[in-house]
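Going in written order, the chains are labelled A, B and C, and every chain counts its residues from 1.
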Amino acid sequence: MRKMTFLVFTLIVLLSIVSIAAETIKIAAVLPLTGAVAAYGQQGKQGILLANEMFPEVLGKKIEVVFIDTKSEKAETANAVARAIDYEKVNAIIGELISGNSLAGSAVADKKKIPMVTPASTNPLVTQGKKYMFRVCFIDPFQGEIAAKFAYENLGARNVVIFTDIEQDYCVGLANFFKKTFTALGGTIYEEYYRTGDQDFSAQLTDALSRNPDILYVPGYYTEIALIARQARQFGFYGPILAGDGAEAQQLIEIGGDAVNDVYYTTHYHPDAAQTEIASVFIEKFQEKYGERPSAMSALNFDAYLIIYDAIKRAGSDDPEAIAQALRETKEFKGVTGVIKMGPDGNPIKSVVINKVENGEFKFVTVVNP
Amino acid sequence: MRMTLPIFLQNLANGILLGGLYALIAIGYSMVYGILRLINFAHGDVFMMGTYFAFYGVTLFLLPWWLAFVVAIIGAGILGFLIDRIAYKPLRNAPRISSLITAIGMSIFLESLAVVIFGGIPKSFAPPRIYPKFFSKMLQIGSVRVQILTFFILGITALLIIFLIWFVYKTKIGMAMRAISTDIATTALMGVNVDLVIGITFAIGSALAGAGGILWAMKYPNVNPYMGFMPGLKAFIAAVIGGIGSIQGAMLGGFLLGMIEIMLVAFLPRFAGYRDIFAFIILIIILMYKPSGILGAKLEEKV
Amino acid sequence: MITVLYRKLPTRMKVFLTIIFVLFMILMLFLAQKKLDTYWIRILTLIGIYGIMAVSLTFINGITGIFSLGHSGFIAIGAYTSALLTMSIQQKQMSFFLKPLIWPLNSIQLDFLSATIIAGVMAAILAYLIGYPSLRLTGDYLAITTLGFSEIVRILILNMISVTNGPLGLKGLEEYTNIWWPWGWLLVTVLVIGSLVSSSYGRALKAIREDPIAAKAMGINVTKHQLTAFVVGAFFAGISGSLYAHWLTTIDPRPQTVGILLTFNILIMIVLGGLGSITGALFGAAIFAILSEWLRIVETPFKLFGIQIPAISGMRLLVLSTIFIIVMLTWRRGIMGRSELTWDSIYNFFLRLRRKQ
């Protein structure tokens, strides 16, 4: 035991030698760079790196982004946030992407009064009752409601089969809010279930299609959406498939091929929606740097960086308390994913964009304002 | 659920396909278990690696798809051979649990190696980039729609299994394998190079896993470092159901499990969330009441 | 070791030393809490939690020889039980928006200590139910069966929405787990399991591990002994689950949170420490917790022998698993092997040192 305590203290000494830093403002990006949802973390990292490249300095100081991996795990996220605050001494934190992980992390950040902005955790509970937790994405109830209205009014659907990924709280939440609004409008719902990582949906699809749905609502992540679309088309379903923002990734088209034509999804932005100037600059620069279209995940992470950058600039200080205050007072922030006004509870008030896939490309359909 | 004949036939076709894939992976498990009594946890990760080999064979080395597939299968075989040499061979005389723990370590190692080398972003294994579009065409047989890929997968599976049975029962090495699975020590005394034969067993089992991975990815075109875990576990369950250690048993178990999984979701869609539970429940029941499986020989506990 | 020269300290002396050591640890933890920053306090807390997990698993796997891969199932049950008991009624109403929480869980709120004990009891009951049929199996069949059971537990949690809130998990738990709870429980765990191991009961367990058939012939009731060990281990796993949930402040049934990966991590700890040694399990837990944080260095750009190495994510686990395999291949005993670091062994170590001089 003494050996261990000795070890702990030696390590602290060792580590503190390394951490003598230059005059910079440090932002930590606590992301799932490996593990089950590594793809989102990697896409997020691309967005943040680009943002850092485009806006490298504020108040005459360089911004240094420290990437900390969470292995897509809760305990790792909580540790990573603690590490960011105590060891890296950061002024603000970006992260995590998965709602459950963000909650574990924000418990730590809130106690230490360090502002934390999650790019993509859409669960309402993430910011609830926390003074230092913010997000740049809309929340699930809003997205589900918009999707249901769009399905009923624009797609003319009356009979919908929902495919729920019961392993993702994001997906279950969205399906739930969709169901509420859609049945209130007078439509009928039938539900099928699957789990993240499932590859075979033939049984669910056979059952679902025997009910002759007008559309399928699949508010999951792109891998499964693409697989479901592929298999649905093979079974002869050619109607529209509606999805949430988890659909937006180049991989949707790569995996889905022709099958994902006519996949509609609610999301945060589209270049043609031209909500802000920065959006088109972002897309251009992103394509230049990485040679591919930015995903929603990259765009949201870009915005998370930018909103912190903006807050530091407005606050005129890199003090975490001042940054948090400036974040609370955000009114007309023009991000890639739309204009953000920070509402109470750290949730932004912003518009929802609806896109669709057409001939292997993402096409803009409409924008719904709050 | 309105279960009509066409829907049933459709599900039957789906079940056969999934079962064939399970069978292919299960055979490798079964072969290794048969001779070493080792649950090779890393088997599912060899399956994943094989798929990555094929993916990079086509996209990076620009090989024609069929050649890339063959190279990848051979690559998976070599990988299996190396895993045995590095991780399991030094532990031949250690307690069996040590090998099992090392196998778990090997599995984590291969997964993190794939994360480091290939990255965490899933790769798409879809036509026409990887293989010709011809395979994803649908055939209408009566009221049942079947992808050409299905026949391809079943055909390849059948070919590989026939080859394997010929290999195990008609060649010298096959005979050595069967001898080792009965009694390692005596076989060694008969002048058989036991380590080489075990290595070859690993290589063949792994090559089959690699082939299984490629066929799996053709059907479910999402390649990522963790893709091997669940199919690996399911294939193991299949091997146990059929009777671990027996090639025919692994085949039977694979088809049975695939069929049960599909039919369960088909008849009881409400319970789709419980799909994996049923696999495990079957596993536990089989282990408790007939640990030798349907076709397996009874293994006596040695005192 | 030369057994002839092995000397034992008087029992009173050992009790005295233990009390001194415990007081010393309390002082150290107190100092740590005063002096260290949150990051290191979190890691120290985690070491305590991992310690309980590792000691309870090594009791089942290493000492009794039941190779169980189902530990995460017990941890999950413990975590969920205590979380459901400590959450406030308003919090529950807010969280359970898919389906309301069933009675009586929706109207109870207990303190952390009782909730943790009930968590342990629930895990123990589950262990009894699982162990009773499955302990007839041995070796790798048992390993797979327990792994299957833990996965079944996880999938049940995922699907029983009106009890567990399903995939949404339980969120907004009170952060009860400070540095004292885990280390306090760790002390209890080590004392209970330690005294079990050194009693005649423990010797029977070791006999079963070495040769179940011989043990049976000696008149030891193998199943009963194994079942008791399994239940005791699961009890403490449940306790650790409760501490874990209230340390994270949120719990969900994802495989990364309470799945097979967690069991594998604990397995790495006890193998590093030496399968079958309680003190080894403690070292393993500490090394694992510290190493997985310290190795973050290899995921940032760093210099090795003057060569600039870019940031590669995933390196941590690669290094950890490599170490794990190397330990298994070259140093299968781990740090402690099956021996314990006791006052006697320390005393004899110093005696031998003196003799050499």
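Following the convention adopted for this analysis, a residue touches a chain if its C-beta (ideal position, glycine included) is under 8 Å from a C-beta of that chain, and two chains touch if they have at least 3 such contacts.
Note that this is a predicted model, so its numbers are computed, not measured.
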Chain contact graph, described as a line, ring, star, complete graph or other shape: complete
Maximum inter-chain contact count - chain pair: A-C
Computed distance of Cα centres, subunit C from subunit B, in Å: 33
CA centroid of subunit A to CA centroid of subunit B, Å: 35
Sites on subunit B at which at least two other chains make contact: 112, 115, 120, 273, 276
For subunit C, residues that touch 2 or more chains besides their own: 158-159, 313-314, 317
Sites on subunit A at which at least two other chains make contact: 33-36, 38, 41, 166
Complex contacts: residues of subunit B adjacent to subunit A: 1-2, 4, 7, 10-11, 14, 18, 112, 115, 119-122, 124, 126-127, 129, 136, 138, 145, 147, 216, 219-222, 224-226, 230, 261-266, 269-270, 272-273, 275-276
In the complex, subunit C residues that touch subunit B: 67, 133-134, 136-141, 143-145, 148-149, 151-152, 155-156, 158-159, 213, 264, 267-268, 271, 312-315, 317-318, 320-322, 324-325, 328-329, 332
Residue ranges of subunit C touching subunit A (in the complex, touch as defined): 21, 24-25, 28, 32, 36-40, 42-44, 46-47, 94-95, 97-98, 158-159, 166-169, 171-172, 175, 244, 247-257, 261, 282-283, 286, 290, 293-294, 296-297, 299-300, 311, 313-314, 316-317
Subunit B partner contacts - residues on subunit A that touch it in the complex: 33-36, 38-39, 41-43, 166, 192-195, 197, 199-200, 202-204, 206-207, 210, 223, 226-227, 230, 234-236, 251, 254-257
Subunit B residues touching subunit C - in the complex, by the definition given at the top: 37-39, 87, 90-91, 94, 96-98, 100-102, 104-106, 108-109, 111-113, 115-116, 120, 236, 240, 273-274, 276-277, 280-281, 283-284, 287-288, 291, 301, 303
